[in-house]
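Data first, discussion second: the structure below is written as structure tokens.
Just so it is clear, A, B, C and D label the chains in written order, and each chain counts residues from 1 on its own.
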Amino acid sequence: MNAELSERELISALATGDVAPEGLAAALAFASPEAPAERGAGSAPVLAPPPRGNSDLLEVAMGPHHPSTHGVFRMDVTLDGERVVRLKPVFGYLHRNHEKIAEQTSYLGSMPYTDRLDYFCSLTNNWAYALAVERLAGLAVPERAEYIRVITAELTRLLNHSCLIGFLTHDMGTMGTPLMYAFREREKILDLFEALTGSRMMCNYMRFGGCRAELPPGWLEQTRSLVDEFPRFLDEFENLLSTNEILLARTQGVGVLTRELAVNAGVTGPMTRASGVNYDIRKVDNYGIYGRFPFRVPLGEHGDVYDRYMVRALEMRESIGILHQALRDIPAGPVIDPKAKLRGFRPKPGEAYGRIEAPKGELGFYLISDGSPNPYRYRVRPPSLINLTILEDMCLGHTVADVVVILGAVDIVLGEVDR
Amino acid sequence: MESLEQIKSWAEAAVPGAGLAIVPNPSPANQPSLLIDPAHAPAVARFLRDDPRLRFDYASNVTGVDWLDTAVKEKVRVKHVLDGVEKEIEETHERKVPGFLEAVYHLYSMALRRGPLVLRQRTGNRLDRVRVASLTPVWRSAEFQEREIYDLYGIVFDGHPDLRRILMWDEFQDHPMRKDYVEPDDYEYEPTPHDEVLAKARRHYPVEAGAA
Amino acid sequence: MNPPPGLGIVKGLVETARNFVGSFHDPARLTTVQYPDERLPAKENARNFPFLVYDGPDSEKGLRCVACKICEKECPPQCIYIILERDANGKPQKHPRVFDLDISVCMSCQICVEVCPFDAIKMDTDYELSRSDRFGGLLLTKAELAKPNDYYRRIHPTEAQEVDARLEEERARAQAKAKPPAAAAKPAAPAQPAPA
Amino acid sequence: MSQPLEQLLVRLKDWLVLQCPPAAQGLVAALIPAAAIVAVFASLFALTTLLERKGLGRLQNRLGPNRVGPFGVLQPLADGLKMLIKEDIVPRDADRLVHLLAPVAMVVPVLLAYAVLPFGQRLVAVNFDAGILFFFAAGATTELAVFMAGWSSRNKYSLLGAMRAIAQMISYEVPLILSAMTAVMAAGSLSLVDIVGSQAGYHWGWLPRWHAFTPWGFAGLLLFTIAATAESNRTPFDIPEGESEIIAGHLVEYSGFKYALFFLGEYLGMFAVSGLGITLFLGGWHAPVPALEWVPSVAWFFAKLFGFIFLFIWLRGTLPRLRTDQLMNFAWKFMVPMVLVNLMVTAVWHFTRSWHFSGAGLWRWLVGALLLAGPYLWLGRALAGGRRFGPRSYHYAS
């Protein structure tokens, strides 16, 4: 009887307007599962409904087959009406134990597997792995290879940030229009990668001590023309999105992340800079030759989804600045250290941790070598997985639509989360 | 950045009774690490994070490592007096050194932009005494990474708020990343042409698997 | 004083309108390539799946591969399978009897091309490889893999030139070395001497 | 204005009615317009699905469907056929009867609403004297159909979608009707034919007397269009079937022909509401320029209808989606006050009709525009400013 009573109270409460319509959903959701069981007595035997925990909450599993989870990823969300009360992310659908495979393959053999980690930015994955092995074995990298690494990494950053903004606005409901503009620009960059490395997304281009192949003729001119045109596309994106009132309403104040929690939770990349933490590994570690290119690091104050969007947009403009300088003064010379051995590479026993500023955050490789051609322990520090640690903290209290937008702004790729 | 010895001395001063040892790292990356005993790990960790001189407020990477039982412990400087000369001889005195599981923490300081400080926690052995102190209460970034180590290596983290398997499904029994892990044999037939893969596949499909 | 409300939306609409109008006259704003009719020219460095190069007319004898199994060891997913050819009394020959490559496992990472000392295996650019049979169909045998050197020269012109120049120069050096000891004119050059 | 071309359709109908026996003439006279409406608007629905996909494609630098028939013209046929032969899955726990009735309850009332729309000169199915009242009464049942679908599917997502749809449609019914009232007040009659009649003729020989060219009319048209977009669940307000959040809202458990029926209902709703907008503010079937008077009036109605359809597609290709609570705030804190202000401006416009000094028209226009611009800016800023929305400036690390 109490189901009807609470229902009548709620409906009257709704009429007086002090309970938002969502409250009605919770009540009706409470009443609905029992109802079919009795009414369905006549038809086929109905399985007893699953035992209901706290009865007026709605457990919804968003994923793994969900249009906006950026891959095979599930969130067990408990809703009070439309408000999120509890959110437990579930991973592992794409887990292929990349690290165990790496322990049974040679150092060189793992390089193509790193393309499959964050399959959006394969060249930065390669660079992080090559940097870690170079630190492990103490290899030197010639000048021209360092320039090529900076150029390809910054091109990957442009590609990743523009596509991320496209996916984020797609989650918000634009029918993929910004996404298609971002993909139009991405195609040009992928053509450059295909001309240089042979494959659009699975580049496998860096080697320990440099890069695999020399720049094909005309590649630098194509890159220069692309980099000159890119600001026009950024302005187009800026006009389309940055002052759009609906986008402002949907993102400002949503999924706020405080500075202290960002640092303590190990959040890195544009997400932590949007919360005002000034930590860009290109400036902190000065790896490669980033010290030679003066560039600025945009910081946000509010740490909400809008700041993450704007920080990525501004970072793209900085990357263009770096690309201009790198393309201007790239020297001639070998692309790989002549002494670098391709096969039978056996670093001395020891361990090393190398990290770079990947578009998604700090991508690190921790290698322990015992002198054999296979690494003893090969560990990937995945920025996507660690940025997800505080997904629940950001989503509590928001609605289902916000959860999707917040997840979109975290920028995860499941290849890297699950490894 | 201060040398590791200095940090060790500060830490021992701050946390009395903390058994700290320095583990050398011969590779050119010269990142030696600091071994802590799990009992005092949270206290040392909190000191490293809050001390104004150090302020390691960012645990970048938490890794699990599996060191197998080694019949020979080359680093063990066991002194044998053999006809008057102190020499370390393996063949005569083979001792089974029990392996252990290890959780390695790479700490950085975002405030003072300091390089990696590597902390190591070791378990008793690889079978039953596999408990280690969880540093998630100190650094929230260790939460998922410690769950992954629990899932793939089997190190139990005391004090972890939500220790569950993160990558494998919950009913999975074994710990796949251990060196002595044997793959289950419910193997879907994939005709990779290689011998041991083919042989294994043939055991499942004796009739149908023709010669490559 | 931030702008009047609704201006951001209008600016966005103007932007998409420019793209809508642009798609009729500006080729940059219409990026569709209608695949079976129009095809994008393959990039010169493009790589898809490996193939074996053979010089001269006969694909059996002209095969450059000497079955040294370096690529089989170095291949990360282990998708190459080589059985050495042995003649009647078991003396190993300088060819593979079986050279299987499982393209369902191969991830086209071209490490085999890098490590092959004899330039015997190169990356193809043909991507229309759909087969009806999931198991046997994707296991390419030596016969299906072997392709002539001028096919290689056609898909990767500059790379092929360098390789041919290097092989030519190696062959010349080998013949020069073989001629002084006036041994039987079987040059010890690893590659088959058939003129390219 | 009895050009021969103009009255072709009307004379055709009269000729057909005369053909059949007198007893059935009354029935046939009613059936012909009904059959015409269903045929024309169902094929317009098919055409619009193609236009939508090609328009979205062009907005996104791609072609859109062009493989089925020349330029993809047969694509709607293919979609329709696909929908027909797809399996119609009904969830076991569903309430079968309500699950079956929901799409029917969606389509039939919307078709009723077409009875009162004047498509051309003397081309209206039923000339009600309270036409607009009938239109809103018939159009209001779509909420019921949406909730029937959501409730009967017994699925969490569909329930959330149904709840959102109810909240949205109730909130936007009010501004829709009130913004339509401005045209009724100006024309002084509830009958759509009279409203279109009051918009005949031209100011100074070239500016048509459409309501849209008056300040309150222009504001009314904007508010009406916004409310119409929300009524027909189109993009800035397509929250009930927010794909990226709760998949297809109340349509989650529908497949096959019932799913197609729902879309038919949604598109017909869109055409009906934009048809009403044309009738109230854009002079129904009147020609915009005196020189083009010879073109049959039906063509003008459908030209303006295609203008509205393109606007909806354009909005769909550009704007992100609002959240449910923002939708509510926007409806109750911006739309309803603005519509009330607009009613007041219509009254001011009506009572200043007697100003005849030179430049009176311009002065009346200015007064009306100012009376509207003030609240617009203040309300807009209050809605946005209240939560400190707005572009931000970013500093760089030292």
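Methods note: a contact is a pair of C-beta atoms (placed from the backbone, for glycine too) under 8 Å apart; a residue touches a chain by one contact, two chains touch by 3 or more.
Predicted model only: the values in this text are computed from it and were never measured.
A count of contacting C-beta pairs for A-D and for C-D identifies A-D as the more extensively joined pair.
With centres computed from CA atoms alone, A is the chain lying nearest the middle of all the protein shown.
Taking the CA centroid of subunit D as reference, the farthest chain centroid is that of B. Between the Cα centres of subunit B and subunit D there is a gap of 65 Å. Mean C-alpha position of subunit A lies 40 Å from that of subunit D. Taking the mean of the C-alpha atoms as each chain's centre, subunit C and subunit D sit 58 Å apart.
One simple way to say how far apart two chains are is to compare their mean CA positions; for subunit A and subunit C this gives 32 Å.
Multi-chain contact residues of subunit A (touching two or more other chains) are listed as 177, 181, 184, 240, 242-248. Among the residues of subunit B, none is in touch with two or more other chains.
Taken residue by residue, subunit C touches two or more other chains at 5-6, 9, 12, 15-16, 19, 31, whereas all remaining positions touch fewer. Those residues of subunit A that touch subunit C in the complex are listed here as 105-106, 108-113, 115-116, 177, 181, 184, 187, 191, 194-199, 202, 204, 212-213, 216, 236, 239-248, 342-343.
For subunit A in complex with subunit D, the residues that touch the partner chain are 20-22, 24-25, 28-29, 32, 36, 39-40, 43-44, 46, 58, 60, 66-68, 82, 169-177, 180-181, 184, 240, 242-250, 252-253, 278, 280, 283, 296-302, 306-307, 310-311, 314, 399-402, 404. Here subunit C touches subunit D in the complex through residues 2, 4-6, 9, 12-13, 15-17, 19-20, 22-24, 29-32, 34, going by the rule given at the top. Chain contact summary for the complex, subunit A toward subunit B: residues 91-92, 95, 97, 99-100, 135-138, 261, 263-268, 277, 279, 284, 347-355, 362, 364, 366, 368-369, 377, 379, 381, 385-386, 388-390, 418-419.
Interface of subunit D with subunit C (complex): residues 55, 58-63, 66, 314-315, 317-319, 376-377, 380-381, 383-384, 390-391.
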